[in-house]
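Working notes, beginning with the structure itself.
Chain lettering (A, B, C and D) follows the sequence in which the chains are written, and residue indices restart at 1 in each chain.
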Amino acid sequence: MLHFVNDYSEGCCKQILDRLIETNWQPESGYGFDSFTASARERIRAAIGNPSADVFFLVGGTQTNKVVIDSLLLPYEGVLAASSGHVALHEAGAIEHSGHKVLPIAQKEGKITAAAIEAYVKDFYADPTYPHMVHPGMVYISHPTEYGTLYTKAELAALSEVCRAHSLPLYLDGARLGYALATPESDVSLRDIAALTDAFYIGGTKVGALMGEAVVFVKGAPKGFFTRVKQNGALLAKGRLLGLQFDTLFTDDLYIRLGENGIRTARRLREIFRAHGYRFLIDSPTNQTFVILDNETVKRLSERVRFDYWEKYDEGHTVVRFCTSFATSMEAVEALDALI
Amino acid sequence: MLHFVNDYSEGCCKQILDRLIETNWQPESGYGFDSFTASARERIRAAIGNPSADVFFLVGGTQTNKVVIDSLLLPYEGVLAASSGHVALHEAGAIEHSGHKVLPIAQKEGKITAAAIEAYVKDFYADPTYPHMVHPGMVYISHPTEYGTLYTKAELAALSEVCRAHSLPLYLDGARLGYALATPESDVSLRDIAALTDAFYIGGTKVGALMGEAVVFVKGAPKGFFTRVKQNGALLAKGRLLGLQFDTLFTDDLYIRLGENGIRTARRLREIFRAHGYRFLIDSPTNQTFVILDNETVKRLSERVRFDYWEKYDEGHTVVRFCTSFATSMEAVEALDALI
Amino acid sequence: MLHFVNDYSEGCCKQILDRLIETNWQPESGYGFDSFTASARERIRAAIGNPSADVFFLVGGTQTNKVVIDSLLLPYEGVLAASSGHVALHEAGAIEHSGHKVLPIAQKEGKITAAAIEAYVKDFYADPTYPHMVHPGMVYISHPTEYGTLYTKAELAALSEVCRAHSLPLYLDGARLGYALATPESDVSLRDIAALTDAFYIGGTKVGALMGEAVVFVKGAPKGFFTRVKQNGALLAKGRLLGLQFDTLFTDDLYIRLGENGIRTARRLREIFRAHGYRFLIDSPTNQTFVILDNETVKRLSERVRFDYWEKYDEGHTVVRFCTSFATSMEAVEALDALI
Amino acid sequence: MLHFVNDYSEGCCKQILDRLIETNWQPESGYGFDSFTASARERIRAAIGNPSADVFFLVGGTQTNKVVIDSLLLPYEGVLAASSGHVALHEAGAIEHSGHKVLPIAQKEGKITAAAIEAYVKDFYADPTYPHMVHPGMVYISHPTEYGTLYTKAELAALSEVCRAHSLPLYLDGARLGYALATPESDVSLRDIAALTDAFYIGGTKVGALMGEAVVFVKGAPKGFFTRVKQNGALLAKGRLLGLQFDTLFTDDLYIRLGENGIRTARRLREIFRAHGYRFLIDSPTNQTFVILDNETVKRLSERVRFDYWEKYDEGHTVVRFCTSFATSMEAVEALDALI
């Protein structure tokens, strides 16, 4: 069986596993007051070029979005997000569970524009009944998006500008950030993200860690953030696990190198599909590939390959997602070529 | 430096580490639909003698308490708990954050009694203004308690009876359950707990796992529990990590054996303190020891040993906590003897 | 100045005022345990032909929607509603504040269809990731809608059927229900509503009461509803005020008669606009009229008449809302004729 | 039947009723943008001697406490309150429903001390685990308390000082404030309250209004307070009703005069009980009287008089509450004398 179903099927990268073994019996303080976390925090500050940024380590993506968004909003404020955004659709209402409305913005291939944010805010305050409505309080974007697409530096800068003009914190969900940073076509660096957003998270779970996301507050964390994390049930007792993993990921550019493996294998995979005459739903440059297959091929392939059903295309065709990752071998991709 | 500061200072037990290494590259489905989780669930069902119990795996204790308690209560119901209970004091208001009041019950050495629950419920419904008050909706106990003490089987049975009489689900927080089960003086088995409660969790974080708690709903889980977990940001993408650890802990009684190490070292530690003439705040039979030290000794010891400040005893004395664990070596305990 | 700005500009109808004066000094029990509330409850049960319905009296519409919807949903469930619905747009996120997502359904003139509900539910459960998403838990409709339109009995029956098929409680917001019931073109009676929904509220605030909405749970109230009301800060100490008003409104068909005044004046108002050659945004049969005026006329009229800005129509035209009510006199409408 | 059961049994004072009649047909804007509300706001500002205070009008006491407290706290903060405080006991968990813990402070006759607050805060920050606990975020007091007692100006000043020293907003629940202000023994004026607290509410419901409480934010309201009120379902459409009532109450010292009636009748009532040899549970100077009756008398009186059961005193005696109000006539009190 070949596995392209998602980017969190395996355990972790070799380097993290090695360090887990090596440090297992070293006693450390709990709750993130360990030496690994301190080191990871410094490495991330160095990587983003911002020595005063606040960095916290949480366990998972939905958890991170929930705690961060709730911390950045007042109770009557909502978060502007692409209608296809993870917070809008696939977090079981975690944002609403903390009292906030997700205010959907029309998207194209998972992306939203500065113009759409500008229009939303303008229309909102032009409506005399706005005090009776959820106020726009911040903007959420994902990079890569849920469709694997990327913002350009210019697009990000435009979003940043409109957000600052309206005092809306801009928050970037980087669940798959490693793949974005490793994409040759992308002109957006980690430092750009740190310069253009107010907060973002560097995803570990989908880029080679056992679990973990590093939240960065570029201009300082919301008041009492540690206690907010605890109150949300999101504080890991053995915070050392998160610190150690990010300390490893940010040593010798490992995070980028893991991303590169996902990108390299995805590019080859797309070449193969293209060579076989298949088309794509979206021209995604990152590690997710949305290919349109005839139903016969879907059925035949699924006996030998695990991939993800995405949506019906037409009566005879289906969109399926092939996902590569830090763990995908080029051999597996070539083996797929033989099966198509 | 000797370490007795808590039971979550090290990574994990050797057996779990070995299996993490061994299974790291095996692809598995996410969100708890992996083969390890399926196996762990069956092993726990077998261990508690209840093949139809619902078993879920969460990451941490506060998270587990928050999600379980919210799932067992209606919005206007509160949870009865010892005033010293973890949910009452040390979870940063996680229960209130989900809308519920913790209704404190007077405790002795961390334990509450069936009689106190009975009196609370009787008084509550005798008050004609009760519809204007938070209704008692369930009972929370911890075993071992926050003071390291244990319920007897008779006490647990009495609590169970009063809870059933008033339709209050009884929920047991087993953050350190392994140490309870390994305590020779205790007459409470895992099967007893499954027979006498409605829900409980088997703590992994403090008993040899990297992280993880196994929640058991003896009579079936609350409706939509999976989605509730997700909505709380508590669903681990690589659920395999939790499954694998509990699968290991429930193979060849490892969970009990890890607990036994904590108990054995704690007993020796108490012998040593007793031999040196020290007294204890509480006569705890499990892995936490609350010893009364003169301030001079506290100061002197803390240069060579890490332990936990608990509370001031009197002007010249302090209560400190020494905690042993699955990872404590008898050598460390004997080394402590030499230092006292 | 003529007033057509909304239907809650004046105090209350004469009959209610008279009874307030008459009963002012009569001592009564608090919190809805007074004799007026008991009588009002019985009158409403008689009016809907359901002697076992549970009836509660709350103060306002948003409050009622918030408490009722939260009571009918599990925490991970959302409410399906027209994207133009009051709960979706104009309640400042009250529903999200209680933890639930409003799941928007495409609407036409404020109405949603049984087919759209059916499609939503079918698509939802067909998506294999649905356990990670907010579950559809109930359906909210308003009658009249926010655009003044009405469901036909057939449309309501179809909605009822699809809701029952999927175990989704159907809840009807009747903020302006009196105007619906008094509309000659409508074939929907109060008994129809009671037969086809699970819960609904009879609006008092906009139909002649000082304030107050009567919530009817056709099949019995959610458990602990009284305490839920209290917990939401929605329990009126002098519940007598709400009871007395609804007791009066449901004596001698006063509620319908008040509605009829709003309808009669609205019809005449539309005749006048039509006679002057104006068109309407929507063909609303109830007490709200959405007329398209050239900007010059808007400006001129607003010096003598208060009405509501609705939206821009095109560069030269604006949609404005004229609202009649229980309190609108035919003289005022005729006076408007002279001004147009 | 004589009525001493509470202070919200009747409708409203004559002056309010007259103005309701007089203004009923005058069209006004909704949601508090009416002329009465504007006038009431100015009158209250004048009465407290603070022209820049923010004043809002809400419907009821629990609602007011819930919205104000949630607005003054960060999510991980709790409110310090007497263990007997209304928010701690009799609001069905409204505070917890908005996510905050009520942190109980030991009380005496319903009052808490500056020293107790100081000790709480000191102990809290001295505990090294405090980041894992609910932070003290504000202080709630009631004046009169739930036992009818009053703070002295010196006590209030001491509370104010400790609150300011620790940046804890001090909030005063004045549900029965009119009776406090009318108590001759009290040295606390409305201006004192405005000078010594950060926020307080002036209770209308129990002092002669149909309903309504005036919230005063001495140093300006929390951001977006109007929308928070709406989001909580607490915004009254016909805000004119609240404005009109407080405009009337703050004309010609009516609010104080209504309080004086409650005080005068309560004093006479206590004289009568004292003359008959009865003792009191608490020496309350305001409109609530807690008298210890033998059970025989309780039974006999309850056939002719409505009063409130408070608590069991001993086997043969019961504490009952007699409440006077703006509406109590001296004739009723004298009639009671004849019955005792």
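In this text, a contact is a pair of C-beta atoms (placed from the backbone, for glycine too) under 8 Å apart; a residue touches a chain by one contact, two chains touch by 3 or more.
Quantities reported herein were computed from a predicted structural model and do not represent experimental measurements.
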Selected pair, greater C-beta contact count between A-C and B-C: A-C
Maximum centroid distance from chain C, chain identifier (CA atoms): B
Copies chain C and chain D touch via same or different residues, half shared test: same
Centroid distance [mean C-alpha coordinates] between chain C and chain A, Å: 42
Interchain centroid distance [CA atoms averaged], chain C/chain D, Å: 33
Centre-to-centre distance between chain C and chain B (centres being mean Cα positions), rounded to whole Å: 50
Interface hub residues of chain C, defined as touching at least two other chains: 75-76, 91-93, 97, 99, 131-133, 227-228, 230-231, 235
For the chain C and chain B complex, residues of the former touching the latter: 31, 70, 74-77, 99, 131-133, 135, 223-224, 226-228, 230-231, 235
Footprint of chain A on chain B - complex, ascending: 1, 3, 5-6, 8-12, 17, 20-21, 23-30, 59-67, 91-94, 97, 205-206, 210-211, 227-228, 230-238, 240-241, 306, 327
In the complex with chain A, residue positions of chain C that touch it: 75-76, 78, 89-93, 96-97, 99-102, 128-129, 131-134, 309
